[in-house]
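Next come two complexes, and both contain chain A; in the first it sits with chain B, in the second with chain C.
Now for the complex of A and B:
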């Protein structure tokens, strides 16, 4: 049925691209989530004096298209002579982009824990930190998980934009093969399938955790 | 001993406590009655240091609750409080709900905390429910769990803030029975309640709050039998 010029080494080339997509996503989602948790707690806890400027900056990261952020950041790092390679620049931009969204997810999760529940834990003599660690974090995680999974999958697909900085990730690798082999539909089909293979376990992990936690609530 | 001296407290422009004086001795059971908005629940949250006060003093065994140098977390393990809403931790089993604070605040080992928790849960009649999640229990059972959770810290004082108000009528009895049991065991308690019959039975003294003022305080026979304050007379006529 198929008469394709695609070779095993081309597939290996795609796999390398997929590895790059995974690497950028893993670094950005990890760093972005950690920052998001930090900023989210600050958003809930800090006085308006601190939280208003923070919110404004995060809103900028959420509103400006990612592509523009990438191009501007790349230009900036070169003007400022930071010497960042495309991988570092991509990860920094995507991390901040992820953090901006994650902050709101975390804030929403923390706010979903009733004030009366937190008052009860504090009334037992638990410190602010203990209340956060043993009561708020587990309850907020349950509420935030679906949005966080959505964010992670979104960032993974958005990470394709880093090709503009010259990184050969999955989409760019496919483009290169399309240009050479002139079989766009077949190659994009494979490319899409690989994206799906990466996303599916993450989505299922979310479903699994939700199910595991649901009988308790 | 809990000593409350001339405590004042406002929420914005609304003064909810207008100079309250009250001393509760070890082993005494004081119930506080009064209409809603009379400041009685606010007083309890102030005793526990959950709410700041504007002026006056609250001392527990000589320690001033609202002094800057007071370790509130340490103090709170000595003064248990149970609220109208039972506030179960929904992600933990009944046993884990009760074990958490003894482990983390008192630093008990897992085994010791479990021993304490099982003892207190059995005490309030929930010995069969250890591995159940709170949402699988009735309101009355959850409220008894909240009482066991506070008792597991081995408090010397217990504050009860309208603990039966959010319960279905048929579940009120089991929770009041638990409070009666604690009172008979000699626990020092301040109970804010709307259950007049209960107040009459268990109290050493009953305090009537009206618009942020403690209008009358007396042993139950005197307060219910021969109320002096006109507002109290009206209140009792309306609740009977």
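Now for the complex of A and C:
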């Protein structure tokens, strides 16, 4: 088992795959979080005319498998002749997917701020924006951050699915090596170890923050 | 706007085939949940047992299941086990992968649910003359199931969505697999996958609503 044909350049190839995974994750999580914050505020604050359709649309992203979403988006971009490459398509889909979950997290965070606190700030003469910026944001972040970290890790893991569009990320890179070297277990173990090394410390940090910041301890 | 003619008829004609695939999808999801709940209960027990080896085994399982992609776990079952001479069919590999994943997440849910039940309840039960097993069976377990019920149904929806990953290991009988096969024959990608998306959505919503209905009946008090 320890006589492996794996060379350093193969490992570099895996590292490139991991970099692609991280790039897709970084772009999608950034865009998705910004969208999620926007949608979350709309969901809590806007009238039902806005929030109900928005909730429905975002719910679709959470109830349809990501793989199907990716295939659909790819087919759509070629039908509409948008000329997106696999990277752009993956990032757009993953961003919307992230936004759908992030909206719920943001909504939960905002509604965890007691209405009395917000009324107090408004009656001190703060504008809506000041109330959001100085009162709601700090309090809501404490509640939302642990689940947001969980979401980020979830998106990192789910980004493995973009291999279906032909993007060479970590899992696809290891699959290519498996096909060439015929050592599935060894290479997949390395691949899994890389995922684990990225995910585990951050998951632990999330767990720690959740314990540290939970209101009733 | 688009220079493309949609052929929805073709997709609609294939609807019976796709619904058959949806049944397989549901079957895999249900089986994986049953196996997952059984494994998760065992893992929770292992963790509480105080035995180093058992709790280490449980922790390893849970952390691997939660910190690697589900697709990786399915690949492991399909390609990785080949090293030991175990060659699973796509169906079995998918089932094993999802069940492994479910067990990890559910074990964490169960642990959280157990934590939500105060220790004093067990002690109260014991001081009423119950044995440890009775206290667990009649006091802790019913409350734990109540707390864990909704997260478990969420996991069920996840399991349904995860079955679509089977297509990457060559599964061709579940909903995603059937759709992919139809797509390979006709290249009507958008139409077929849009229909598949609708079916997945309906299934996921039906499961969620059914779970809510069951919960509101079962946990009235």
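Everything below uses one rule, namely that the second predicted complex is superposed on the first by the 200 of 217 C-alpha atoms of A that agree within 3 Å, B and C clash if a C-alpha of one lies under 4 Å from a C-alpha of the other, contacts with A are read in each partner's own complex, and residues count from 1 in each chain.
In this section, contacts are C-beta pairs under 8 Å (C-beta built on N, C-alpha and C of every residue); 3 or more make two chains touch, one makes a residue touch a chain.
Quantities reported herein were computed from a predicted structural model and do not represent experimental measurements.
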Clash or fit (per the criteria above) of chain B with chain C on chain A: fit
Contact breadth on chain A, by residue count: chain C or chain B: C
First (chain B), second (chain C), both or neither touched by A:160: second
Chain B versus chain C as contact partner of A:199, first or second or both or neither: second
Which superposed partner A:125 touches (first chain B, second chain C, both, neither): first
Touching partner for A:33 - first (chain B), second (chain C), both, neither: neither
Which of chain B and chain C A:171 touches, first, second, both or neither: second
Partner chain(s) touched by A:60 [first = chain B, second = chain C, both, neither]: second
Which of chain B and chain C A:188 touches, first, second, both or neither: second
Per-pair minimum CA distance [chain C against chain B, superposed on A] in Å: 24
Chain A-touching residues of chain C, taken from the complex the two chains share: 1-4, 63-64, 66-72, 75-76, 79-84, 157, 161-165, 167-168, 176, 179, 189-190, 193-194, 196-197, 200-201, 204-205
Residues of chain A touching chain B in the complex: 114, 116-117, 119-127, 130, 134-135, 138-139, 142, 213, 215-217
Contact set on chain B toward chain A in their complex: 48, 50, 73-77, 80-81, 83, 85, 87, 89-91, 100-101, 104-105, 133, 135, 146, 149-150, 153
Touching residues on chain A, where the partner in the complex is chain C: 60, 63-69, 71-72, 74-76, 79-81, 153, 157-158, 160-161, 163-164, 171, 175, 178, 183-186, 188-189, 191-192, 195-196, 199-200, 203
